[in-house]
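Each chain gets a letter, A, B, C and D, in the order it is written, and its residues are counted from 1.
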Amino acid sequence: MFFASDNSGPVHPQVMAAVQAANEGYALGYGADAQMTEVRATLRDLFEAPEAAVYLVATGTAANSLALATLCQPWQTVFCAPHAHIHEDECNAPEFYSGGAKLTLVGSEDRMTADALRATILAEGTRGVHGPQRGPVSITQVTERGQVYSLDELQALTAVAKEFGLPAFMDGARFANALVALDCSPAEMTWKSGIDAVSFGGTKNGCMGVEAVVIFDPAKAWEFELRRKRGAHLFSKHRYLSAQMQGYLRDGLWLDTARAANAAAERLEAGLAGVAGVKLLFPRQANMLFIDAPRAWHQRMQAAGAVYYITRGELEGDDPDELLTGRFVCDWSIGAARVDQFLALAQG
Amino acid sequence: MFFASDNSGPVHPQVMAAVQAANEGYALGYGADAQMTEVRATLRDLFEAPEAAVYLVATGTAANSLALATLCQPWQTVFCAPHAHIHEDECNAPEFYSGGAKLTLVGSEDRMTADALRATILAEGTRGVHGPQRGPVSITQVTERGQVYSLDELQALTAVAKEFGLPAFMDGARFANALVALDCSPAEMTWKSGIDAVSFGGTKNGCMGVEAVVIFDPAKAWEFELRRKRGAHLFSKHRYLSAQMQGYLRDGLWLDTARAANAAAERLEAGLAGVAGVKLLFPRQANMLFIDAPRAWHQRMQAAGAVYYITRGELEGDDPDELLTGRFVCDWSIGAARVDQFLALAQG
Amino acid sequence: MFFASDNSGPVHPQVMAAVQAANEGYALGYGADAQMTEVRATLRDLFEAPEAAVYLVATGTAANSLALATLCQPWQTVFCAPHAHIHEDECNAPEFYSGGAKLTLVGSEDRMTADALRATILAEGTRGVHGPQRGPVSITQVTERGQVYSLDELQALTAVAKEFGLPAFMDGARFANALVALDCSPAEMTWKSGIDAVSFGGTKNGCMGVEAVVIFDPAKAWEFELRRKRGAHLFSKHRYLSAQMQGYLRDGLWLDTARAANAAAERLEAGLAGVAGVKLLFPRQANMLFIDAPRAWHQRMQAAGAVYYITRGELEGDDPDELLTGRFVCDWSIGAARVDQFLALAQG
Amino acid sequence: MFFASDNSGPVHPQVMAAVQAANEGYALGYGADAQMTEVRATLRDLFEAPEAAVYLVATGTAANSLALATLCQPWQTVFCAPHAHIHEDECNAPEFYSGGAKLTLVGSEDRMTADALRATILAEGTRGVHGPQRGPVSITQVTERGQVYSLDELQALTAVAKEFGLPAFMDGARFANALVALDCSPAEMTWKSGIDAVSFGGTKNGCMGVEAVVIFDPAKAWEFELRRKRGAHLFSKHRYLSAQMQGYLRDGLWLDTARAANAAAERLEAGLAGVAGVKLLFPRQANMLFIDAPRAWHQRMQAAGAVYYITRGELEGDDPDELLTGRFVCDWSIGAARVDQFLALAQG
């Protein structure tokens, strides 16, 4: 009953097998491996972007920071949601990689709206040389509260960005979970919706540690390569990154694992709907749920072996009825049985 | 006949098996995995440093840059050899991670001498607030030309550093190759010889992509952790880094692979000694050789399938007798047979 | 009728005379001038801080950025008010000088309250290594909306900072205007109220371009010197900075000019109180006023030669009754006559 | 008898008068002052560059660092002479402003030659993404040892830069001293000789603290403005910078003061030629001399009140005959009488 994070689960056997298969003899390093050639071609096909720059790094923070730095100047500010991973969970990596850019928070909700984005951009950048300059818009898809922007919403956000001549970046650490929720194509969720660069997450969805960065304007490719090397994110034995992505993409595994994770979350949602005192906080759209429940309930669940984070309130406390928020993330491997085991306890 | 680099070879089966073994169920991320607990303990034992801070990253450049940044201020300069990897092959990563520190080159040879180091330090740092301030001394062991500092030499260098109150860092991308060449203990080659922090390389010696950073003063630990996270080098699925290191350390595998690599280089050296027109440039001490040989010879070898870098001169050219320098690096997996195959050709 | 900014006025004759007087023969550069010796001693006396580090720079942004960088680590976040100059008007200079630190906005008002500060600090820094780490609290005195923190308020803010072990910085670009408003001593408004470092502004209050940075912990002195030099803010002909500050401090000129500026603002406030349709937005406490007035009134005033910024709304527009906000800043030289001239027009 | 530095002398009365004259009433800040309009036009005329971007900053290090950062990427290296001010005397400011670029030293002499520059550029930038990338060439005119590049030499250096597509920057802290030595026009010494940007020094030649940065490609203007603001080098009361430059440029004062300084150095050179035991180290071409003389001679001169730096050796020492190097810099104000006073002592 492990719902703490989708980065806590195991690597999918098909990914592991691809890593094993790559472990044969000598291979040129630093991205010149044969596996990378295949991965690049596959991702360009998937994104219907034959010219796109495609690179691999090992962490989501690296993907986000390097891509944003490539789209941003140090005197600019990045527009993002208040709970964006780049703001809350990367220990100033975007500021570091960009050389000191700022992050400007849009609205106070989990999701940015086009109106709030426009208002925020308008309020910023009115002070000539004195203020931070307007920079990229960063959109997290799936959001940190588990929500998925629709294509219309994405297009509305990027339209605002374009209105001001700003690039749009998608933090796609859970790209696959969003994609299967929207049931659209990678191209539709990215460049056809106005996205200029995207991190295409693998780690949370069955890989060991690999994220692709796809930049649709190939003129940015060389700068990204230099930034990746300078950031110490260019792997010498690069084939083991490539092989993960190879296994992940083969036969649509990445969509299968995302569907499995989302389905588990849906099952969890459905089951919790029948539990007295438990309230869903956001519409469940991908593989994550946030619920309010009384302290006593949380205590009982965790004592029974359920693992998940309390994101508001403290598990220990006097009032058994106080509502605490719990976050539940389903990874690809959790399966119906463990969800049902949890639900049986939840109702108990 | 692949001598291009020791980062081109395969992962040792024992390392791969450890990665596989780690792929079971859920594990806390970000270094809280059980494997890391074992790795930390093992490395502390190996280094006879029960308090040392021990961290894993995936690339040698990350290990070097993060460790140096932790020992350095942005207004300082790092003293290193002219061919140091941190100077020539990291695309300004040390400058980036340190926030703009400088690198000052010591002497003009592959190896720093204590006298040259002292002279260089004395020449630097005489201008008060105006000049760069003196910073860490960085020692590459094995050097980029394949040489190994003796313990006496290391101690002489770190004594100079201490004389000026400067910390000493060891870039140990080929730590194991040096250690077996010196036949000493990790403690003797590091803190007992005055080293304050070391990167303990795994990638070039049988791992997939993992380096340990060992900092002997635990007061630096938290800063290193923050720098690692901010640099996007903290892995969520950290267990797969830990597992590599676990497999690498188990039953002294790391020493075995280093001995195999050094032995192959020794065999190559011995064989080449009998080849007319081929001249060894540096004393072979670990797993790397540099040789001068006529262009025609190099052309013949490469045409026959030998893979290695020409580091001085161009393979294509008119004069068949012009001497070109070739670099040969033996990895753990090369084996006597392939060396002999090469030598047979070399003499032919 | 120039109310656009207190950095638009002339240099006080006494300051100019001191600069002239310094222009005699040769002097050692870089702060080793005799004038600086006097300035340092005078400021230490004024602040009752005989050990304090005292430095001069030429711009307020330099003073703020260098001082904050000295108190901050790149992975931390600075707590400040949403309208803080360091956030809105320094084009990411604090981020640049700190090496990529973040700024976290406290509350949504012009002034921070101790409660809002505590809540913001508590919300930040709960994510271990993942989130930005808690850093200095920066307090602008006078605020960007012209308000002055009382000593009680300052002490409440710095008490919260101390509760979390965080340093407190005062942006004192209008230090003198606040001091005469509070009628307290420099020591009371700074270290006796828990402030660790302060920028003591001269430029806006009668100087040409000089700000003192006073750091109460002398252990930070050398780092500040290196940061100042590295930031290109160490003047070779430093005596002309020192001389400005010398003239500014002599015979309490700095208090006289601040009193003159505040008195002019008070006169303006009193006069505007009688003008129909004009509404003061914040309590006037120093030398700045914000008023709401109908567009037609602003248009009339500016057509008549009044110079000031409209900070909300557009001067041009259809609706003559729409309320626009105007900012009025009185500098030391404005004088009662010009204020009265403006008021006569205002009522007309 | 003050020969320590040309930044130790007084401000020329004409410059001071211009500053005084600017001290009248209100003026818009941040470069929107009327004086700047005149200065911009005058410098564009002088440089025969009607489109050039022209900005003022207060220190030479700011001028160099900001201009270089505008021409450079963080992953590049700047080619410069080993004694370049940007390398030896700016406490890593170029590294800081560029975001971590490197400096690569060309040759081992005071002056770069085109051959040494080409060889150095060729040696750098051969490692693809791994090494630092080739960046701007920085030429100090007058050099730190008092030498002046001829137009032919400048053109040869910039031709090499252009061969590799690299921009060329001139550190002109002593621009005027070089110009009058060469007896050419500013355009000839800069863009007509292939220079892309130049710092046009005022501080060392009669100003208080002002340097112009002239960038011949106006497309770089806005980036420079943002960098200047972000670096805290944009003055609010900018008119006092402008006024200095205005006074400096009026009626060719800047050429007169440079001629006076050079003439004093020439007089000093001529006089020292007749002093037994004193040997000139470099051809005297501008306002600086380096001489070798016995310790006893230096001791006698300094005891008699001559002020200058010993740049090699220690004034205190046992051997009266040991040769020490002294550096003599003549500023605009030194005059023949003080030179003669020194020479009389020198021969005594």
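By our rule, a contact is a pair of C-beta atoms (placed from the backbone, for glycine too) under 8 Å apart; a residue touches a chain by one contact, two chains touch by 3 or more.
Given the structure is predicted, the values throughout are model-derived calculations rather than measurements.
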item: Set of chains adjacent to chain A and to chain B; value: C, D
item: Most distant chain from chain B, judged by the mean position of its C-alpha atoms; value: C
item: Chain centre separation in whole Å, for chain D relative to chain C (CA means); value: 34
item: Chain centre separation in whole Å, for chain D relative to chain A (CA means); value: 51
item: Interchain centroid distance [CA atoms averaged], chain B/chain D, Å; value: 41
item: Chain C residues counted as touching two or more neighbouring chains; value: 74-75, 90-92, 96, 99-100, 129-130, 133, 226, 229-230, 234
item: List of chain B residues in touch with chain A within their complex; value: 2, 4-5, 7-11, 16, 19-20, 23-29, 57-62, 65-66, 90-93, 96-97, 203-204, 208-209, 226, 229-237, 240-241, 307
item: Touching residues on chain A, where the partner in the complex is chain C; value: 74-77, 88-92, 95-96, 98-103, 127, 129-133
item: Sites on chain A touched by chain D in the complex; value: 30, 73-75, 99-100, 129-130, 133, 225-227, 229-230, 234
